[in-house]
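Input: a single structure, listed below in structure tokens.
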């Protein structure tokens, strides 16, 4: 049985539509319910809701909080998935890479371009891929999105096409 | 065979999530596709895309355009459904009531609190009800939302509860 | 506040796919959850699960049970919706019409051609329409399906086109 | 750009509900449309509809047809996904393993316990995982289902729990 922590931080993947403000907002952890739609018979997933932030508003204090929760949980699980806004996902990943040089498990950052529960959302695809990727990837920090796994120092977001692309 | 025109004007019901701006926007007519999900074997529906506006931005010029298209179409159809933002739906309806004193068919205004295609949307429910209501309602102008048909001069939006309520 | 009883009897609308048998079956009441997707702010709906039968297997004993539960509930509610298999829906409705000559409220029979929760299902449309119809229809027994309300003695199922049609 | 062939053979994943027979049937290729829901920006997927069979009815002639199409396509693509009924998926996979001893790419067999488009379907999850798996798996024949990749000679279906499990 694979033990996985899914640490949630907000970002588009967890945004919901607010009828009061007529906008999309990060109000609460939304990952739990969508994980319930996946069949994961040999996977013990623990969701750890950490914060509900648009990643453009994420600060160094927030990144330190992510690092601390990872350090606490690393000894107890075989892999970690972090759901995160796409705009600063790579920045957070590089921060973790520097702080965790001796990593013995895969850590996957993922998110979505369109929120979970909105038509055309890529959120469930990315969650599905991330939870699958941690079974096959070696130790290291990755972005998993849209059918691809990128080592964290080889990837950037391309805003125009709403996807991640390789860098040299 | 009932002939119905569905005039679309924008509003929340037609908003979509834009990955470029990370906001919800009125970009295009969205009603067509959702009508295709309904079984309407004895109903000849024509969708008339008129504008794509948040109803808070609707002007008198826009309301005159709605009135003109109705006047053009009235002789040719048995009922009219107008999809419209909820914030000024009643205002538009009262404008139509004043301008159309001799109405011989039902005109139904409807919309949604959460856009079509977003989880928890009330859009398809309201479309379903509106297309059903025109078979049973007499001539006049109505708001049909959330299981109820309100004559236009008996209704207001209650923003706090995201619904329409009766007024005396 | 409108008080409505929804009496569930099985039929296609409540069928689910069984992974054990690879067939669709009537195992349990499925209406509750789908009603929860509708916004019914001025409607007090009580679901009364009565039986889980394919309507081709419905017997006179079953129809008597439906009649008895209606007679018990009639004094306490403003309208009744019965979810029922489409194959013998009209037969059950005619049975009720004969047994309830002094009816003072509308009773609507509805169902689906494709089960709730299956892509392309008409179940939620028919439920939406039925709960709306009882607000506008007078006393009597009706089939409400696919955007139409049929008095029970004017309707039959057309198997070939998967719809209900008028009879003289 | 990864070139992948998705060979479709029927099975539960492609079953649809027939309103005429009130049963689920293999009538047509259903994979195309669901692939369209996935974001695969660096993946060139070609769907090859081969047959529409319940896998319990699959014969040796059918398995030879699958082998032949694979042999034709192998030189032209980087990986192959085969959608297949779960009951004889392993049997087909073992047949392919024996016939293709020098395989240089991964071949993934996948399917579903509940058809695509039915509530609670695992079909899209399994497709998502299979298209991701072929990027990370080495040459060989695998079953990919429910968050796991099994080498074909290490897996069997467990009917009671509707999943695949390891064998020694």
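Each chain carries a letter (A, B, C and D) given by its place in the written order, and its residues are counted from 1.
The rule is simple: a residue touches a chain if its C-beta (ideal position, glycine included) is under 8 Å from a C-beta of that chain, and two chains touch if they have at least 3 such contacts.
Quick caveat, the model's predicted, so the values are computed rather than measured.
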Hop distance check: subunit A to subunit C, minimum number of steps through touching chains? 2
Taking each chain's centre as the mean of its CA atoms, the one lying farthest from the centre of subunit B is chain D
Distance between the CA centroids of subunit C and subunit D (whole Å) is 39
Could you grab the centroid distance between subunit B and subunit D? Build each centroid from C-alpha atoms only and quote it in angstrom. 45
With chain centres defined as C-alpha means, what is the inter-centre distance between subunit B and subunit C in Å? 28
Quick one: which residues in subunit A touch 2 or more of the other chains? 120
Contacting chain pairs - touch in the sense defined above: A-B, A-D, B-C, C-D
Footprint of subunit B on subunit C - complex, ascending: 37-43, 120, 122, 124-125, 128-129, 131-133, 135-137, 146-149, 161, 163
Subunit D-touching residues of subunit C, taken from the complex the two chains share: 12, 17, 19-20, 22-24, 113-115, 117-120, 159, 162
